[in-house]
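Have a look at these structures, which come just after this line.
Two complexes come next, and they have one chain in common, chain A, joined by chain B in the first and chain C in the second.
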Partner chain A sequence: MRRRRESLAGWLFTTPALVLLGLFLLAPILLAVWVSLLDWDGTRNPLAGGVPFVGLDNYRDLLTQDGLLRTDFATSVRNTLYFVLLAVPAQTALAFGLAVAVNNKLLRGRTFFRTVFYFPSVTSSVAISVVFLFLFSGTGAVNGLLRLFGVDGPTWFADPRGLLHLLLGQPPRWMLDTRVFSLSLWDWVSGPSVAMTAVIVLVVWTTSGTFMLMYLAALQNLPEDVGEAALIDGATRWQRLREVTLPLLRPTTFLVMTLGLISTWQVFDQVYVMSQGNPAKTTLTPAYLSYQRAFGDGAFGTGAAIAITLTALILVLTWAQRRLFGEGRG
Partner chain B sequence: MRTRRSAAMTAAALALTALAGCGQGFDSNQAAASGPVSLSVLIGSSGDAETQAVRAATGAWADRTHNSVNLTLAQDAKQQLSQAFAGGTPPDLFYLDPAMFARLAKSGSLDSYAAALPDPDGFYATLRQTFTANGKVVCAPKDFSTLALVIDTDAWAQAGLTEADTPTTWDQLAAVATRLTTPQRKGLALSDTHDRVGAFLVQACGWYLSQDGRTATADSPENLTALRYLQKLLTSGSTAFAKQVDAGWGGEAFGKGRAAMTIEGNWMIGALAKDYPDRHWKAVELPAGPAGRGTLSFTNCWGIPANSPHRAQAEQLVAALTDPAQQTALAKATGTLPSRTSAATAFVAEHPEQKPFLAGAEHARGPVTATGFDSVLSDFDSGLLGLSTGGDPEQLLKTLQRNASQALGK
Partner chain C sequence: MRRILGYSVLALGAVLYLAPFVIQLVTSFKTDPDAVAHPLSLLPDPLSTDTYRRLATDPAVDFPRWFGNSLLVTVCVTLGRLLVDALAGYGLARLRWRGRDAVFGGILAVMSVPGVVLLIPKFLVLRQLSLYNSYLGMVLPLLVDGMGIFLMRQAFLQVPREVEESATVDGAGVLRTWWSVVLPMVRPALATLAVLSFQGSWNEFTGLLVATSDPRYETLTLGLARLVSGALGQGEQLPLKLTHRHAVHRAGAGRLPGRPQVLREQPAVLGGEGLVARIS
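Showing the complex of A and B:
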């Protein structure tokens, strides 16, 4: 009897949270799933009937029909794969480096540096994107800097050439002719475009602050005695960092990489502000494609299907990463 | 099977309605309101001048008829309208762009009022065509713009060119573009989008769709002629896309002196006066291609939702706003052309700089309104840049043809 009353009270206390989660998390997700099964053009209420129900047609068009939609989706996945491959390791490494630097007790003005490094993370991504547009314009600061070293910089946001393309030169014929999932093999391997690289630099710079904070918190939680023991055993600075600190920070690294992976797959605002997927669709991301299909073409069903597919993709990749890190066991 | 599916749908819909607390749909027919009403008007304004002019015009109407008007400025008109329609609370009157027009007209969400306006045939034919669905003109075109060739007169004189050299054919355009090219400056710069390049297609008698808009005609020899010509311009070094000279659009390339000519619309007049007042320029009609003259027109209409309770009042307001005198006043503020022929002729007499743009109205082609074409044409755009580096125009048109057919087939 008492137990039942306790559990009742428990539910009562969690009700506000549950209602909020249901209203702002569960309902939109269910609604998105529902819309992805409709041929909805956004002109009437999707719940009131009168909107054609098409079952899995939107998913079929997206994944199995060779056409513009699948080409666009494959392109966006290709772009994001490169994005993840470059951005996640870079932001993790940078965040760790910054955290170690500002954790140094001998560093003067630590608070100042912590604030400075964290600043990009709290600034509006739209504002930062606009600043980057100026930095990376043809006559911008980045090209000015490059000119000091005698390098003639590209017009960053108008350059669709892939980085590997630039390194390797012209593609062999067979790579152009072999098509995998609507894109030629060459399209898959030619690397992130010059324009995308600029977006990657931006994202690495803005996110490293937040991740630095996580590393910093973890660093300050490390047991001092382990480090001291290593010191007494005669370990060098580098050895202590590699053999003691890094293994102890493993859970944090996992967290940072997972969060990084998820957020890079969802890149939207930078693309929306800076490039709208241009040049030659090399900065198109799945999130932006979903938006473009939904609000540009009025194909909200397709847009929702892209979003749901993207969610599935992120879940699979996160799971794979968990397995790789060995966190899944035990 | 069918009943089970619809039962499941109803259940899901009910569950979601309960969860999301969604309001009643906008599908239920509402009675027309009588007496003084408050009209909500959503506009995507080009700037302060336009906002003030629309506010003054709607305010005058409201005072006269004892209604009130609540003007809202859209940040992203397409998105805001979609949200409003989906949520069942569309504004009573709004700027409607052609791409979204097709979507709303297809689902019967628009009030088809154009025929009831005073002098409904007084609007330019190309604009009425743009806002026609199922053989009926649905809404009234607000105003319009066309493309013309804008020339830097100082660069023109420096290159030793005279009035007589004004290009009227493709060959002449290529020739003057070469003459005007210097190491620091291109002869011609334009944006790499179908909204500019499409004019070349029209001049070659090509287009993306057949006359009735039912079949894709992208990979026609006419279109290929146009793209080949464009590619020749680009590879000759006399012409570049705006991006390639580090400018956001043709007007910026022109204003910053990186190009001596550009292909842009009426909005250039205002933009040059505001951002580059020192540049001396003139506009001329686009040169004729093998099939004669051709340009593109851009327009919005005054949209009214079919089920708005304030339909009657909104229609009255549109009648007032599209009155020739009122159109002239609005055109002055927005730098666009009045959509009524009578108003436009009077307007141009007063504003001679608008003349070459108005001349284009005779042979202008409106935008494609087929649903799903936004993505198809933006895919085409993404291939245009490649033309300057040896991209194959035939391949580009083939891809466009495939995508266009697929979009039409849906």
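Showing the complex of A and C:
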């Protein structure tokens, strides 16, 4: 009797959460797959029939058919690839450095420094994007700072040139002519645009605080005797950091990089507010492209197909990262 | 010597982390020409409170409504999450029922799905339930919070069993035990959850973006984003949108305990040659 009452209570306690999860998480996951198989313009009810079922056509246009859509998608993947490659290592390294610095017990004002470094992480992504939009404007503070050093800053959010392009100068003819997945080879290798670089700076700046807290928590859980043993063995500070602390923090590094990878592949807010994919589509990301196609152009099927493809990409990359860095080494 | 170097590096870092906020706060008191000519100066010359005045009076920016909507959504989401997560957390941590572990595993599994894939179908679900463009439709999806359920479950697991047993001996039912005996014991976890929920929902953007298209339901983040991304080309309400951003930020960060007062203030106004030229 009591057991049955407890069992009933268990279900009752969990029901509100389960209903919400079912309606707004589980159902949407299934619906995303369903919508990606439709040619749905967002008006009629896609569950009642009457909306053309097109099978894998949306995916075909996205992945195998050379056209505007695939070019846009390839561009967004290219942009985000550079974004991830620069932002993830930068935010991880910065977070680690900050954590080690503010974890120093001899440091005065530790709480102050922690608060300062964490502060950007609690701000609204929309608000902070607007701040950066104006910091990086042609007459903004960043260019003002550069001018102090005699550098003429670019008009950041109007500059589509890639960083490698700026370094290497004019592209060789054959790279322009070779096309890989709808983009020229040159497009693939020319690096993130100046505009995208500003977005990368913003994201590194706003995420390093959160990741710093994760490193801090891990650092405070480290057994002290290991560090002491190394100290007795005559290891320098730098050696202890590299040979003792860093390997012990491997699980945290793995966590931070995984979280970083997952979130950077989905960059949306910043692009929505700052650039809408401009200039010359060099800040276009798959998440923004998906939103734009669906809610902007009314091509919800295409938008859903982009989102699903992106999700698959993220899952594969997370899996690959775990195989490479995770198991057996953490 | 080495210490001085260490402090210098940290101080430089602190300046880099604070500068954007400070510069924008100062800029919000500058006039347009001053802001363009001296983006780095920390002394507005002349001092101008124009943008703030316009924020309060300009009909194009429905600031009071945005603020009210943000507050309403945030309070509802925070209270709702506390209730839903505390219930589910207890059910998953302490009550014994068949399927419990499977349910918990399932919750963890669906939580790992990237949010980007949910944008379109969330819009679809809300429309099917006739909740699109309604406060309920903005709040309910945000109550889904696997992280919070997990947090509360872990907190309940730490409460000693004897406490519940003695309550049961005294004749308290499950609900009564949960509410008046166990819940007060996990107050720190509830406080953490409240802070995280408040901050998260105050800053929420994408979830609300697909829940409403009606200006009446715009929150600070939605209003500001529309103003910036839509009006940038026209540049008409530029100073205004910048001042408004100040408020989004201030309210969002200000709720967190222990932040230096100066950090709660934040920016307004200006920049962008092309933009400025267009405002005139």
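The rule we apply is simple: the second predicted complex is superposed on the first by the 306 of 330 C-alpha atoms of A that agree within 3 Å, B and C clash if a C-alpha of one lies under 4 Å from a C-alpha of the other, contacts with A are read in each partner's own complex, and residues count from 1 in each chain.
Keep this in mind: a residue touches a chain if its C-beta (ideal position, glycine included) is under 8 Å from a C-beta of that chain, and two chains touch if they have at least 3 such contacts.
Being a predicted model, the structure only gives us computed values, none of them experimental.
Student: When both complexes are superposed, which of chain B and chain C contacts more residues belonging to chain A?
Tutor: C
Student: With the two complexes superposed on chain A, say which partner A:F113 touches: chain B (first), chain C (second), both, or neither.
Tutor: In the superposed model, A:F113 contacts chain C only, not chain B.
Student: Which partner does A:L68 contact after superposing on A: first (chain B), second (chain C), both, neither?
Tutor: A:L68: touches chain B, not chain C.
Student: Quick check for you: in the superposed arrangement, does A:L47 touch first (chain B), second (chain C), both or neither?
Tutor: After superposition on chain A, A:L47 lies in contact with both partners, chain B and chain C.
Student: Check the residue A:V244 against both partner chains and state whether it touches chain B (first), chain C (second), both, or neither.
Tutor: In the superposition, A:V244 touches no partner, neither chain B nor chain C.
Student: Could you say whether A:L20 touches chain B, chain C, both of them, or neither, answering first, second, both or neither?
Tutor: The second partner, chain C, only.
Student: Just to be sure I read the superposition right, which of the two partners does A:S137 touch: chain B = first, chain C = second, or both, or neither?
Tutor: Both partners, chain B and chain C.
Student: Regarding the shared-chain residue A:A299, is it in contact with chain B (first), chain C (second), both, or neither?
Tutor: first
Student: By the touch definition at the top of the document, which applies to A:A127: first (chain B), second (chain C), both, or neither?
Tutor: second
Student: Check whether A:L81 is in contact with chain B, with chain C, with both or with neither, and answer first, second, both or neither.
Tutor: In the superposition, A:L81 touches no partner, neither chain B nor chain C.
Student: Intersection of chain A residues contacting chain B with those contacting chain C?
Tutor: 23, 26-28, 30-31, 42, 45-47, 137-139, 155, 158, 294-295, 300
Student: Which chain C residues qualify as touching chain A in the complex?
Tutor: For this pair, the touching residues of chain C are 6, 9-10, 13-14, 17-21, 23-24, 27, 35-40, 83-85, 87-88, 90-92, 95-98, 100, 103, 107, 110-111, 113-125, 128-129, 140-141, 143-144, 146, 149, 174-175, 178, 199, 202-203, 205-206, 209-210, 220-221, 224-225, 228-229, 241-242, 245, 248-249, 252-253, 256, 258-260, 263, 266-267, 269-276.
Student: Within their complex, state which residues of chain B touch chain A.
Tutor: 5, 9-10, 12-13, 15-17, 19-22, 24-27, 76, 78-79, 82, 85-88, 99-100, 103-104, 106-107, 109, 243-244, 246, 371-376, 378-379, 382-383, 385-386, 402-403, 406-407
Student: Which positions of chain A touch chain C when the two form their complex?
Tutor: For chain A paired with chain C, touching residues are 3, 5-14, 16-18, 20-21, 23-32, 35, 42, 45-47, 98, 101-102, 104, 107, 112-113, 115-117, 119-120, 122-135, 137-141, 143-145, 148, 155, 158, 205, 262, 265-266, 268-269, 272-273, 276, 286-287, 290-291, 294-295, 300, 303-304, 307-308, 310-311, 314.
Student: What residues on chain A touch chain B, complex-wise?
Tutor: Checking each residue of chain A against chain B gives 22-23, 26-28, 30-31, 34, 41-50, 53, 67-69, 71-72, 137-139, 155, 157-158, 160, 277-281, 292-300.
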